[in-house]
Structures are given as structure tokens and as C-alpha cells.
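Following are the structures in question.
In what comes next, subunit A is part of two complexes: it sits with subunit B in the first one and with subunit C in the second one.
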Partner chain A sequence: MRVWLLAKREFFATFDAPTGYVVLALFPALAATLFFLTGPFFALNEASLRPFFATMPWLLVLLAPAITMSLWAEEKRSGTEELLLTYPFHLRQLVLGKFFGAWAILALALVFSLAVPFTVDALGDLDWGPVGGGYLSVLLLGGASLAVGLFLSSCTDNQIVAWLLGATVLLAFNLVGLAATAASMPPTLGQLFLALDFGNHFQAMTRGVIDIGNIMFYLGVTAFFLVANGVVLERRRWS
Partner chain B sequence: MKPKQQSLLTLVLVFLLLIPLVGLAQRLPMRFDLTEGHQYSLAPATVQTLAALEDRLQIKLYFNRDIEGAEALLPQRLLIADLLEEIENVGAPYVEVETVDPTTDLAAMRDAEHVGIEPLQLTGQDIAGIQVQLQYQGLELRYQDRSEIIPFVTADELEYAFTVRVASLLRPSRPVLGFVSDEPPLPPPMPGMPRQIPPARIFEKLRERLGQRYAVRDLNLAKTPSVAKDIVAVVVARPQNLESAQLQVLDRYLAEGGHVVVLQDFESVESSSLEAHPLQTGLEDWLQHFGIHVDARLVYDLHGVRVQAGVQTLNTPSGPQVAPVEANYGLGLLLEGDSLNAEHVVTADLSRVAMFWAHPIGLNPLPPGVDADILLRSSPQSWLLPADTPLGMSLENIQAMDRKARSGQSPRSYALCVALQGVFPPAFEQQDLHPAAGSLVVLGDADLFHNTTFASGADGNGDFAANLIDWVAQESDLIALRSRGKKQRPLTDFTASYVERHGGWEQEEEQLEAVHRDAVRYSRQSQRWIAWGNVLGPILVVFLLALGHMSYHRRRAGKVFVAGGNG
Partner chain C sequence: MLPKHAGVAEVAAAQPPVVRVAGLKKSYGKVEALRGIDFEVNQGSVLGFLGPNGAGKTTAIKILTGYLAASAGRVEVCGVDVAEEPLEVKRHIGYLAENNPLYLDMRVADFLHFAARAFFLTGRQVQQVVDRAVCCTGLEEVYRRPIGHCSKGFRQRVGLAQALLHDPQLLILDEPTNGLDPLQVVEMRALIRELGRQKTIIITSHVLPEIEALADRVVLLHEGRKVADGPLGGILGQDLAHCLVRVCLRCKPEQLRTVAEEANAVWLEERPQPFAGDDLAAATLEVAGADGLSRIATVAAQAGYPLLELAPQTRSLEYLFQNLKQGEEK
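So, the complex of A and B:
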């Protein structure tokens, strides 16, 4: 219940500043631009949303840290973090509250992008199975990306640094699979890199196949970074 | 323990707990295929084939791990690995998958060479110059003392190719297909020399395609008293002057439950000059007996292939430039959408079929107990041209054909391939006949399976041929497998719908050209509206939400102020 209250507060607080609205408008607008205007959608002449979902990991590299950059860094800079830590909340509840608040913003941004599948369905015979899989995978990938961003936001008191760190780490998570294809890479390490790649798990789900392994991967990454976030705050509380 | 150390220990413990948990989940065979027709799950035909295994099936996947410079192959490879994993799960405990890399493992390279798995050569350019890369993506299947090879496998084709080969491994021998044509025989093989294919063997590519599944045996009806019992279907490709005795053999085979596919043509066309030489088939009366009439005239379709019909000189800022002129070659029919029978298993999932110099097929009353389906038909914007029409692809000839086609007749759709099923009454007097249900498929064209058509990349024609033979040979389960993942989902054609709304395709040429120009403009405009609507729509909605949020806050702040004032 307390997590829910904190999440609600974080969610609505985002819209007290223009940043929340910018993220909300930018995410679906950029996705539609990359799909309809710069992408070959009309030239391909195929009612499919795979090119639309293919852009999502890269959009999240930019936008997930933008959602999370202020969540801890701003509290620390303005000195409200100490006050927050003295409230009768468990650290776990604080972290989860911020996380679910940020996740709700991403989910709302995704709702605004629903115009794209409905447009494609009006233009051709769209298979809705992969669309459902695609949105589920964006939510899971988004959750993992937000957890990474939240953790990095807790490590600094500067929002810009938090955003830069978040974007860099997420970019690395999205490119690590390519390193596995190099000849000089030892096979075991290559397998590990492939398993860690955000994009590989994401692609499998956007084609409409929901594998329990991929779901567990994203939930595992999310859980790890949320715990890491809690550990950073815990250490700070006692320092 | 200090709280700081305790929190760090928690993180380490969570990490150590998550690793095996996530790793275990990756191995769990729990997946939900949300796609229409479950296109990423094994089809019933594959599951059935795997269930028939009684011994170990070894699958050796030849994959080179280093795909630097060809990273585009990675998603495809992950799909292949995913499907093989599912095959291994379903085929357990008999199926074993082993992956080897011939670029790093010398023994694997020798094995690949020995079984005939060749690497695909990809050329790329970097600062060091042109680089040639060898990409292995082949599969070797071993079952008991026999083996089958897929030299280069793609994710789209894997399930079909795999199932067909495993089915072959499970059978003592391949099903046999009889092939009747007037082509010269193959020369005997010379040791150590590649076999020379005579140029006149114009259906060699078709044989190769069908040979993936069947043993194709050339059949001379003049020297055979009857069609051998082991032949599952007979293909009669562009017959010439078939005599009564030959027809009697075919007639008996069909009446006793055989399956016959006839590729009927009235001319043979020289590929280089497009000169047509008339042919006498000798089949007309026999087909007429079953209610089929193939017309010698040619079908001219407005939805034809685009060809280079000449060149034109354009005045550009950098001086005159020679540019190609493209035109619609109406005698080259591009059959897609409504031209393919969506209800029939042979054509339901095909993307397109290309036919050249095709002849319309008329259906008269059929014999009792025989049913017919039209598999292919031309578009509703089709006309008939005389059989002696020059076939050249020059702009003048194309324009002349177009004028001739439109003069006098109304356009309509013509049947180009019909499939009949049932008990066929014999056309000749036959002794000791044992009637049974068979099938007869007639195509008003043989050029769609000509070597040059296959070489031009008409993939749909190959799939159509294979589907047709699988259907007549009662292997329909495999047809569904072949078409998996190939369903086309085209977008609304704004250009065509505009033309339909503004007088249709039957207008005068000049008028139609003007309408078509407007239609192209309308199509581009519509696409632009859709794109910008999707880009600006969310921004507008969010802007309105922000305004609403602001005015709500202002009103609330005002109320508090007023309440405070009153108090």
C-alpha cells in the first residue's frame, strides 16, 4: 500500500514540471517518426510492426535515463534525500515506489503510441499477436532500463551525469551481443555476452514468441539493479 | 556485522540467486507463440514426423562463430538455433543437435567438404580492401546408415527442409515422379566431370526443385505399355504431337486413380528473340473429354510484369542522359492477391506466380463425379489476343498489343490453371480397368516452369510447382509447412483504389494515364498525412493534457485562496 502511495506521488510529481510532458510526447512521436517518416514502412508494403519495435531499445537508451535521472539525483542535490530517508518507510518501499512511478510514466507513453498499430491495422491485415508480444517486451525492457537508470541516479547528485551514465550503460547492454560474434572472443565469454544482450531477448519477443527465459532475464536484471539501488541508499544512510 | 557490510552481502546473495534462476528459466521449454497460425512453433506435420523416429537422429549444424562483417546474419542464426532447440525438445530422446565450426575445426571443415556443405562467400570492403568471408550455415542429418544434407539453411525454410528430409530418411526410398516431355535425354555421366545439361532441357530447374522431395524419372509414353505402379504422379510438360497410343497409357493411369499434371502450351518461344514457333499438342480431344478446353489465344493482363521496353533521352542540367523506359508487358502475368485461389491448399499461402504467354482455360460440363477448382486466374483487367500476336518487348509492340486488346472486348478474368478431382471415365476403350479416384491439373502455360523463369528469381513459381506436386501426391501437410511465415500482408493500395473510384481501368489510354498520375499523387499525399498524423497526434494530445493539468492546478490554487479569504 505504501509502495502504491509513493508510486502515485512520483507519477503525479513528474507532471508538475514540463519534463514529464516532454518525455510523454517525445516517446510516441519519435517512434512514429522513425517508423513512418525515416523508415521504409510504405516502401516495404507490409502490415508489420517489427521495424517499429526494432527502434524501441534505442529510444529507451535515450528516454529511460531521462525519466529516472532526477529521481534520486535531484533529491540528493536539493537535500530532500536525508529527509526522505528519515520517513517511516522501509528503503525497499522507497525504491519500489520510485520505480513503479517511473514505470507508470513509460506505460502511459506507450499508450500514446498505440495509434501506430491501429493505423497499420487500418491499412492492412495486421497480426496482433506479435504486437501484444512487442508491447509486453517494451514494458519488460523498459522496466530493466528504468532500474538501471534509477540505480545510476542514486550514485550521483547531478541529473546530467545520471542521464549520461544511464545512456552509456544501456547502450553497452544493447551492443554487448555484437562482441560475441568476433573471432577473438572465447566461446564461453561470447555466450555470456549474447545472454546479457538486451536486444537479443527483445527481438525474440517482438516476433510474437513469449519465452519464460526472456521474461525471467528482464525481471532478473530489474531485480538486481533495484537491490543495488537499495544498497547504495543503505550505505549512504549509515555513512 | 555492520549494516554497510550487510547490505553489500545482500546484493551479492541476490546476484548469486538470480544467476541460476535466470539460467534455469532459459532452459525451461515454456513458450507462448502469439503469432497467427503459430508460425514459430513446430507444425503438426513436423511433430508427427519426429514421433515416427525409432532410432537416434543426429543433427550436425555447421555454423562459423565469427560473423564479423556479416552481423546481419545474427537474428537469422538465433531463429535457427531456437527452432533446432524446439526440435530437440519435441524429438527427445532420439534427437541430438551438435554445432561445429568448420573455420576453426579442421575435421569439421573436412566433414563439411565430404558431405557437400559449401560455405556462402560474402564480399565486403573495409580499409584493408575487399574481404571475402566464408559463412557456413548448413545442416547434416544422420539416421541409421543414411544421411541427408541441407547445404545452406535459412530460418524461413528450415522447418520444411528439415521435415521433408527426415521423412525421406524414414522411408525406404523416395516417392517417384514421372516426367513426360520432348526434351533430349541427359548424357551419361563421365567420371570426374560435371554433367553437361543440354540447353534444350528447358525444365531442368523444375526437375531440380521437385528432386528435393521426389525421385524424378523421365518417362517415355511411346515405349511404356503402362505407367509403373511406384509412380505417385505424372507431369506432362509441354507435350507435342501425343499419339493415341501414348494418350491411352495416360488415360488408363488417370482412370485407375493416377495423378496427372499437364503444362499445356501452343507455342515454344525462343528466349533470345522471343520468336514463337507453333506446337501441336495432340491433347485437345482428350482434355475435352473431361470438360476442359485450353484456348490457343493469349491472355493480355494489365497487371503484368514491368519490363525495359527501350531507352529515352532526357535533358538534364548536366546534359542529355539516356534513361530506360519501363512498360507493362501484359503477356507476362503477375498473379497475386485475388488471382490466387485463397481457398485451395496449393495456392492459399503463395505470394505470387509469374506466367508468360499463358492461355485461358474454359470449363465445359464435367463428367459426373468429377469436381473442379480454379487455382489461378488473370486479373479482371484482362483481354485475349490472337495466337499469332508478335511477342516482342519493344515499346511499339507493347503499345500495339495494348490498343488491340482494348479494342472491341470487355475485360474479364480468365482461368489459367484448373484442378479436377474424382473418378475419371476413360476416354479410350480400356480392358480390365480398375476405376479409382485420381486428379488432373491443367495449366495454360509451361513457360512458368522454364529454366529462364526460375533463373529470374520467380520464387513463387517454384513453391507453386512443389505445392502442386505435393497436393496431387497426397502430401498436403507439407504444403502448409512450406508456406509458413511467408504470408504477405500488403497495405492498402491507394493508387488502385483512386483509379477504381475515378472510372476504373477500362478507360482510354490517355485518360487512364492522367488518372494514374493523379492517383500516384493522391497516394503520396495520403501516406504523408498518415505519417504526420501519427507523429503530431500524440504531441497534440499531450499538449492538451498539459493545458488541462495547468488549468486544474490554477483553479485549485484559486479555490484555496478564496477559501482562505472568506475564512
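So, the complex of A and C:
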């Protein structure tokens, strides 16, 4: 209940600034444009959304930190953090409230992007099974990306810095897999890098392999960064 | 045993203190903001927190509200330790922070509803307490406006309203009249005085008349230490033996000096003439009690200098702060 109260406030506060609308408009628009204009959808002449989901990790690199950048940084800059931290909330409630508020924004953007599968379904016969799996994967990947962004937002009082840090770190998480394929890479380190790669788990899931390992990976990353967020806040009380 | 007709204050004093601070220390890295302070605040009293810039008032308050953790020492609010049960303490406190941080994008109504729910109010209670706070602080006319569109005076009231919603046992106001115009200052003070009748309040200010008008006890901080604690009069050295007095005579400045000497008054400083005219002299003197005062009048009359002004003064905060500084240099 307490988390719900906070998440609701965060969700609606996103629409007090233009960021909320920009994210809600850009995410579906970019996803659709990339898919219909550059994707191999028409070339393959078969109704599949694989290319659509393949662009998602890259869109999230840009847009997940855009959703989270202000969440702590702006509170700190304007001093309203003091308001939140002197109201009777647990730190974990505050962190979760912000996280779920951001997640709800992402979910809403995904709802708008449903226009793409419906269009494809109208043009040709669409197999909805993989689409469901794909959206579940985006939600999980998105949750982990938002947790990273939220954590970095708590490390600064400047939203632009928070966005830059977020995009950079997420880019790194999406590229470590490439590093793993480098010839000079020791195999054990390569394995580790591959295991950390956001896109690696994502591709496995959009291929239809919804195994518990991939789900646990994203939930684990999410939990790790949310806890780190709480630690940052608690440590600041002692500074 | 309480006397039969114990007043409100006496009954209150018999109850355990609302705030108990002992050995409180706080360092920001190398900066020692608080170097061990102790004080208590009794139920129903209004405590004024005084001190020059950087004395540590805001730091002490931030620890009291649980926003910052203390480096050492113990803070209890309503018998609960802030470090052990921060949530319980936060429920008892209404807090208007130093620069009145508010969500400027939210509407007054939405923000107050959120704040009420944050303090565990639910259902119909929410609208009830919001209505009460809005009425008490006079926010009706901006109720539907975004806070960012409100004037500073109204914002300050929103800050006060959110602190009152849950009917807290302890109200903490950090410079509540800072940056308000004189009219708003008067209204804000009237509001706080009204609240002070029922509530325990800690208030900080740089303005002496404010503390004088509102607080029944003062804790004076300087460089992270408590340097005085008690009624304001006592702290300012308002004892009759050292009474400050403003004098203006129709005479030459040298003649005023002679009068002061003859009346056994201590010359503190010459003052600019309060009225236009070449033949006026004004000064601030220190005299011993009512006798000292009347002696000045007598001596002036004997010398044939008309008396234009003879006004006992309260010592100013500037005087107090300067004394603190000088004491340190010695």
C-alpha cells in the first residue's frame, strides 16, 4: 500500500514534465519506424516480429535512463528529497515506489507500441505466442534497465549527468557480449561477459526460450541495483 | 504534587519532555557542525533556536527529523529514539524545512492529499485533515493551483499546512518567515502563535522580535555548541543592573557626555540625531536600573536641557552575536 502510494505519485509526476510525454511518444514511434522502414519485415514476406523486438534493447538504452534520470537527481537538486525522507516511509518503500512508478510508464509505452503487432496481424497472419513472450522479455529487460538508471540517478543531483551515466552503463551491458567473442579473451572471462550481456539473455527469450535462468538474471540485476540505490541513500545520511 | 489550581504550563512541565537531546555531535567530513549539545523541550512549550549563520541549528533539526544520522549522541522524540525507530518518530513530527522544499509541479490539493496519505491517513480522514489545514493556513484561494504558480507567501503556507495534517505532537519550523514580505511575516507569526497555544514547537530564526514574540525559551547555539539556554530576557542580559537606554537631549554632544558622567551612566555609542536640528545629541547608554534612568532625567533637567527621548532598550541579537565573536577572540 505504501509503495503503491509512492508509485502513483511518481507515475503522475512524470506527466508534469515533458519527459513523460516524450518517452510515451518516442518509444512506440521509434519502434514502429525502425521496424517498418528498415526491418526485413517486408523482405521476408512473412509475419514475424523478431526484428521489432531486436531493436528494443537499443531503444531502452536511450529511453530507460530518460524515464529514471529525474527520479532522485531532481529530488536532491530541489530539496524535496528532504520531504520524502522525513515522511514516515522506509527507504525500501521509497526506492520501490520510484521503481514501480517508472516501470508503469514503460508498460504504458509498451501498450502504445501494440499498434505494431496489430498492424502486422492485419497485413498477414501473426503468431501471437512469440509476441507475448517478446513483451514479457521487454518488461523484464526494461525493469533491469530502469533499476540501473534509478541507481545512477541517486548518485548525482543533475538529471543530464544521470541520463548520460545511465545510457553509457546500459550500452556497456549490451556490448559486453561482443567483447566475449574477441579472440584474445580468456574463456572464463568470456563466459562471465556473455552471462552479463543484456542482449544475450534477451535474444534467447525472444526466440521463445523463456527459461527460468533468463528471468532470474533480469530479476537479479534489478534487485541488485535497487539495493545499491538504498545503500546510496542510507550512506548519504551519514556523510 | 501539583498545586490545586495548577496552570496549563505547570501541568505540562510535569509530563516527560517531548524532545530530549543528549551529547549530540555531527560532522560533515572534516567540518564539525555540532560538537555535543544537550537540551530538552517540554510539552506545550515553544523553543526558539537562535544562533548566527552556520551555528548548527539546521543540522540539529535535520537529525531530529531523522533526515541525517548523528555522529554521536542520543535524540529522543516522545520517548522514542530517532536512531532506533525513525518511522515512529517521523509520525510524531510536522516539519517545515529551511528552504521549504515542495513539489512545484503538483497542485496544492494533490500535494496535501499525498502528504496526508504519507502520514497514514485514509479514506474520509484525508479530505477532513486537508480541509482543516487549508482552512487554518488560509489556502482556499490557491487550492487548485500548481504550487509553482503560487506566491512565496502561499508556498510557505503550503509548507506549514503539510506539517499540520497529521496533528503532530511536535512541530519543527526552520526559519518559517524567511523571505516573506512584512505583511506576510505578521500573518505567519500570528498563525504560529495560535499553534503555539496547543502544540510543542521548535522554531529557528535570525530575527529577534520573532523569537521574542513566539518562544518562551531559547537555546543559543554558536559554532556547534550550546552557549545559553533559558528565557530570552535572561539570555540577553536583561537584568536591571545593565539596562540599555536611548537618550536624546537638546544640547551639544559634549554636554550629553557630561550629563552621562554625572548620572553615572556608561557611554556605549553616539547615535545619529533622531530628529532634524543642529542642537540635538543622541546616544546609547547603559544604566543601573530604574534609579539610573531617572537620574539621567534629573541631571538633564537640572542642567536645563530639554529631554526629547529616554527609551530603555532590549539588547539586540547583533549585540549578542558580536559578544560571542569577541568572547572567542579573547
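Everything below uses one rule, namely that the second predicted complex is superposed on the first by the 239 of 239 C-alpha atoms of A that agree within 3 Å, B and C clash if a C-alpha of one lies under 4 Å from a C-alpha of the other, contacts with A are read in each partner's own complex, and residues count from 1 in each chain.
Just so we're on the same page, contacts are C-beta pairs under 8 Å (C-beta built on N, C-alpha and C of every residue); 3 or more make two chains touch, one makes a residue touch a chain.
Because the structure is predicted, anything quoted here is derived from the model rather than measured.
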Touched partner set for A:L5, first subunit B, second subunit C, both or neither: second
Which superposed partner A:L85 touches (first subunit B, second subunit C, both, neither): second
More subunit A residues in contact - subunit B or subunit C: B
Which of subunit B and subunit C A:A13 touches, first, second, both or neither: second
Which superposed partner A:A195 touches (first subunit B, second subunit C, both, neither): first
Partner chain in contact with A:W238 - subunit B first, subunit C second, else both or neither: both
Touching both subunit C and subunit B, counted on subunit A across the two superposed complexes: 237-239
Contacting residues of subunit B [partner subunit A, same complex]: 2-4, 7-8, 10-11, 14-15, 18, 21-22, 25-28, 30-36, 40, 65-68, 71, 74-75, 78, 82, 488-492, 527, 530-539, 541-543, 545-546, 549
Residues on subunit A engaged by subunit B in the complex (per definition of touch): 15, 18, 21, 24-25, 28-29, 32-33, 35-37, 42, 45-48, 112-113, 115-116, 119, 123-127, 129-130, 132-133, 177-178, 181-183, 187, 190, 195, 200, 203-204, 207-213, 215-217, 220, 223-224, 227-228, 230-231, 234-235, 237-239
Complex contact set, residues of subunit A against subunit C: 5, 9, 13, 16-17, 78-83, 85-90, 237-239
Residues of subunit C defined as touching subunit A within the complex: 28-29, 62, 65-69, 87-88, 90-91, 93, 95, 97, 99, 101-106, 114-115, 117-120, 162
